[in-house]
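Below are two complexes that have chain A in common, paired first with chain B and then with chain C.
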Partner chain A sequence: MTNERRIGRVAAHGVMITLSVLAIFPVYWMIQSSFRAENEIFSGGLFPSAPTFQNYLHVLSAMPILRILGNTVVMAGATTLAQVATGVLAAWALVRWRFPGGALARSLIALSWLVPFQVVMIPNYVLAARLGLLDSVAGLVIPNAAAAFAVLVLYNAMRGFPREVVEAARMDGAGSLRILLEVVLPNLRAPLASVSILCFISAWNEYFWPLLLIRRMENSVVQIGLQFFMTQEGNDWGPLMAAATLASLPILALYLVLQRQVVDSFMKSGIR
Partner chain B sequence: MTDTTVFAAGAPPRAIPRIRLSTVEPWLYLAPALAVVVLWVYVPLLQAFELSFYQWNMLPRATPRFVGLDNYRNLLGLPDMRQAVVNTILYTIGLLPLSVGIPLAVALVTGNLGGPLRNFYRALIFVPMIVAPIVAAILWRWLLNEDHGLVNAWLAGAGLAKVGFLSDPDVALWTLVWITGWKLIGFSTLLFAAADSAINPTYIEAARMDGASGWQIVRDIRLPLMSPTILLITMMTILFGAQWSFVYINALTGGGPLRSTTNVFHVMWEYGFKTMAAGWSTAAGMLVFVVFGLIALGCLALMRRLAVYDE
Partner chain C sequence: MIRRHFFALALSAAFLAGGFLASAQAQMAQSVDEPVTITFYNYNLASAGLGREATLDLIARFEAANPNVHVEPIAAPSNEVLSRVQADMVAGIEVDVAQLVFRDLIYAANELGAQPLEDLAGDELAAHAAGFVPNGLALGEVDGKTYGLAYVFSTPVMFMNRDLFREAGLDPDQSPRTWEEVKVAGKQIAEKTGKHGFFPGAYGPIDGTFVYQAIVMSNGGGKVRDGNTLTFADKDQADAVVMLRDLMDSGAHARIDVGAHMDTFASGNLGMFLFTSAVLSRFETAAEGKFEVGLAPMPAFGDKPTAPTNSGSAIFMFSQDPVKQRAAWELMKFLTSDEAYSVITSKIGYLPLRLGTLDDPRYLKDWYAANPKFKANVAQLDRLTPNVAFPGPNYRQVENMMKEAVTEAVFGDGDPREVLKKAQDLGQSLMPQD
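Moving on, here comes the complex of A and B:
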């Protein structure tokens, strides 16, 4: 029995190590390739023999990567703020009151993720063009200012909030907005943080809508900047890997610092 | 909640000012989220439905011309579309082992793995999930490059022939399936592991006391109690798998070689923004929406019937 268990544990470690290598090695390969000089890029070996920043310098001169990263931070930050704000307000309405049309409103929000973006892309594009949102960061944020999963996760979190506390505050004459801001929200730090992390990462990684909207390199976000750069540089692997590494850096740094919270937030809201 | 419910449902008319406030107030909170969803999802959905009966090249000056069901009729007769539908099914089927099969097996095998290494593994296998899709596309394009990529170097080292991972029409689709799945394996594994460790350990202890074998425990206790998660991830893969692949199709193959990697979402994108045939694109979109909507309803019904809950 113990022997069998020991074999089981060794097998388990073996499986996990394989899976970990599979997950991390491609990312490692990207990073190490980015430090290789041009004459060394095609040679095997796990480490660059003479690490160099020349690929990064090339990227900095070939594309406005810092500006693009800045755009992406603004876009992802604004999208997160908007999605959390609209999510908090909508969730509060659905938790605080039971009212005619409430269930319908909730389903409308919840089912919006069933509509594939490609189905509505043409009307969306036309609307964005009419509003003068093409090729702008605002245009990337506004259509994504509310997210079904943010509403639903916050709705579930608020539903768990003790009703007596809300009632007590109401007895004290607090209005619903004050109760939300001063009583409920301070106690929802964990779900708020988790929703914000998710919103930020999914906004950062968003590809399709920027692909439609963005025309010029200097207005682009990293996903589209990388796409432009890939078309431009073709098989210039060193700079390409350097650009991809730079584009991933903020998210990887966030993950290094908040690893636990990031994983937990993804697990709580399912696949996105 | 109860007080406002009473007011809204059966209060006498003379309490009008309070009723007014309590009926309007929730809508004020809902307005921003609802406005976004209605303006950017549901109204466009209706407009797409309308557009699918018109011919329009998307130029602002050109007026859409009504063509009835022509767009649908043409689409259904198009070999392009048939290929895209077949490929969409292949993407979905190909993804299932990566998003459900392997992760489930891994979660079952590693269920009793404890200790500090466990968290370390967790941290590593999750990484692909947060890697941006376009970054995943670029790094796999490098690893799988036909002439200089690491994988082909390894194959050559093992005495095998080079594989044109993105240029061979028989292989390219599966390459894209792999890249899509690579992002999901670790995350799915974590979801299954969480479902597994949520199982009440006394069930397994009791079964073991009764002399149940490891496999019997898996089959009769662990799998049934993990079924909600299994069904959920299966459903997500079926509903969204083909959409997740879009980035890789667009960035790596453009639907080629020989249209072998295109799928319905990519076809819509091509009709819409390459060929500028808004009617075709939206008609295809409506078909896709209806089909996937029906699949979603079917999946939900199936989940309700099949899932086993601990109670």
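Moving on, here comes the complex of A and C:
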């Protein structure tokens, strides 16, 4: 290796290390702040001078954080399942059959992606109230059970699937549903995984709809729960950082377990 | 922020389209003889701390004393509680009692259908208000009728970092009484300690309109509007902002992120901070072992009396059913009773609407003796001046235009009077026509 190439590699690594530190530092600051006492929260230094679990104990006593995390996992998981299921079926219908209005339907689905949720929030709220879905996880999931994003990504993935394979399966006597489940979907693991991950993250970060729908702290989700430490009279930084750390753990654990699959799926599906 | 405004706008449009206005008044029932459930929209419940605990405690005490009434608490953050009330009204859900901030007063009365308490409770209201602070009932009045009963509120007080005063060679026991003295002390703190001198919590995303209005009205009593005419750029009102700009130009006024004022003081980097006393316990916890927190009344313009304006919120009744109205009224009376203020003041830190509780050994006498800093706030209550809300459906936009103009006038380079005048002319087009 020449000196020039060596210097180039060192420089590239230097840039990557710097960017990594910049990306990780806020997470580190959140975690170390969660171990600081209230009168130490504004102190400088990279480490708390007297680490304490007081903020975690406060979070656990002041709010049902574990139940809130459980609500969030159920809500995000159910929303993801529903969005992927409706996305797969809608995309398959649009790819598999040519029917009058098909292009229009696809355009309308794409167009609905551009409509801000706030526009349909009030009609959704009125409907949810009439159906008795206020203050419930079902109320959080049902209005978000279909996502234009999932339909369009899966439509593009299925459109690129070899038509010959589908035709061969048909000639072997397989019906449409069987072709979808046994031929197409097993070969679309990468886009399915990336759509699932993005749907899960989007549902996990949902703020406005739970803010409107949920009426009690114990039925809340984590994004609303964090706000309980942010008031007009100031922010409780220590407990807020402890709650944020606890809220990050499930996602972090999921990522650590599925790290390779996550990276692979994004690389293969081309979704950034 | 834009998304939040959009959220509020969408709700307002849906609400106005639905034509939700006050319906015909019914006679409030004399008593609650059968079990009834009422809803209580509350922003203190949307916090994981003393505000929530105190509110749940109050509701439990009320239910114990009124076994026929069940209160269904509904939590929403203070900047979202109005939207929640509107959304529920649009959805046909009964709203009985709601805690709304004072800026929503006129909107709640004229557009949301809040009940005028004189029409429902009459003599009962007068008897209940007998122990209120002077002007206490006026805080929730619109056109001579009481729509909101002042609930958790405070006035601007000057927080002092007594250690920074000492470090700057100032006597912390001689708190600045006038804006001239604030200027001198602020400059000295900034120059001698390298920290920030003074900051008023009057700008930025955290609601500080009451601080700004208190400063303005302390300069001769002029208000930010006169009827439907905006007046925040009139001479006295603009002079108050020019004074803040002068503090800024002199170096006495901190040039910091307007959303980080509380954290700047709590971290020990600010000498003087004018804001609600409701944050006192938070500051004392943050300052423990670091610096000593002092409290003083808000500064005056020379010899002119100050006009401490109320922060916080009032409780409004929206019930239409006569029995629910009685239940709601009983809840409102309880929440503004001696017993309730013993909890509200000692646990959350807001002012008691009933000053008699401070001398009564059954209520706050012992607590008051143990918390002498509170005296700075109580001392200025005889001059309590109602916060001025804006009328019409665009009231929030008008208030935001005013707040942004004040921030630009103090922090910017332009002529503060011209900045205010320009905003006033623009804002006037959003005000209701006479």
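One rule holds for everything that comes next: the second predicted complex is superposed on the first by the 221 of 272 C-alpha atoms of A that agree within 3 Å, B and C clash if a C-alpha of one lies under 4 Å from a C-alpha of the other, contacts with A are read in each partner's own complex, and residues count from 1 in each chain.
Everything that follows uses one rule, which is that a contact is a pair of C-beta atoms (placed from the backbone, for glycine too) under 8 Å apart; a residue touches a chain by one contact, two chains touch by 3 or more.
Just so it is clear, the structure is predicted and the values come from calculations on it, not from any experiment.
Contact with chain B, but none with chain C, is seen for A:33 once the two complexes are overlaid on the shared chain. After overlaying the two complexes on the shared chain, residue contacts for A:100 are found with chain B alone; chain C is out of touch. Contact with both chain B and chain C is seen for A:208 once the two complexes are overlaid on the shared chain. After overlaying the two complexes on the shared chain, residue contacts for A:49 are found with neither chain B nor chain C. Counting residues of chain A touched by each partner, chain B versus chain C, the larger count belongs to B. Of the two partner chains, chain C is the only one touched by A:236; chain B is not. By the document's definition of touching, neither partner reaches A:3: not chain B, not chain C. Of the two partner chains placed by superposition, chain B and chain C are both touched by A:119. Applying the stated contact rule after C-alpha superposition, one finds that A:227 touches each of chain B and chain C. 41-42, 116, 118-119, 121-122, 126, 129, 208, 211-212, 227, 235, 237 are the residues of chain A that lie in the contact sets of both chain B and chain C, per the superposition on chain A. Residue ranges on chain A touching chain C, taken from their complex, read 38-39, 41-42, 59, 62-63, 116, 118-119, 121-122, 125-126, 128-130, 134, 208, 211-212, 215-217, 227-229, 231-237, 239.
Within the complex formed with chain A, the chain C residues making contact are 3, 6-7, 10-11, 14, 43, 45-49, 51-52, 73-80, 83-84, 87-88, 90-93, 206-207, 262-263, 266-268, 276, 278-279, 282, 285-290.
For chain B in complex with chain A, the residues that touch the partner chain are 1, 4-5, 8, 22-23, 25-30, 32-45, 47-48, 51, 58, 60, 106, 109-110, 112-113, 117, 121-136, 138-143, 145, 148, 150, 153, 182, 184-187, 189-191, 194, 232-233, 236, 239-240, 243, 246-247, 250-251, 265, 268-269, 272-273, 278, 281-282, 285-286, 288-289, 292-293, 296. Residues 8-9, 11-13, 15-17, 19-20, 22-24, 26-27, 29-30, 33, 41-42, 44, 85-87, 89-90, 92-94, 96-102, 105, 108-109, 112, 114-124, 126-127, 129, 142-146, 148, 151, 163, 176, 201, 204-205, 207-208, 211-212, 222-223, 226-227, 230, 235, 237, 240-241, 244, 247-248, 251-252, 255, 259, 262-263, 266-267, 270-271 of chain A touch chain B in their complex.
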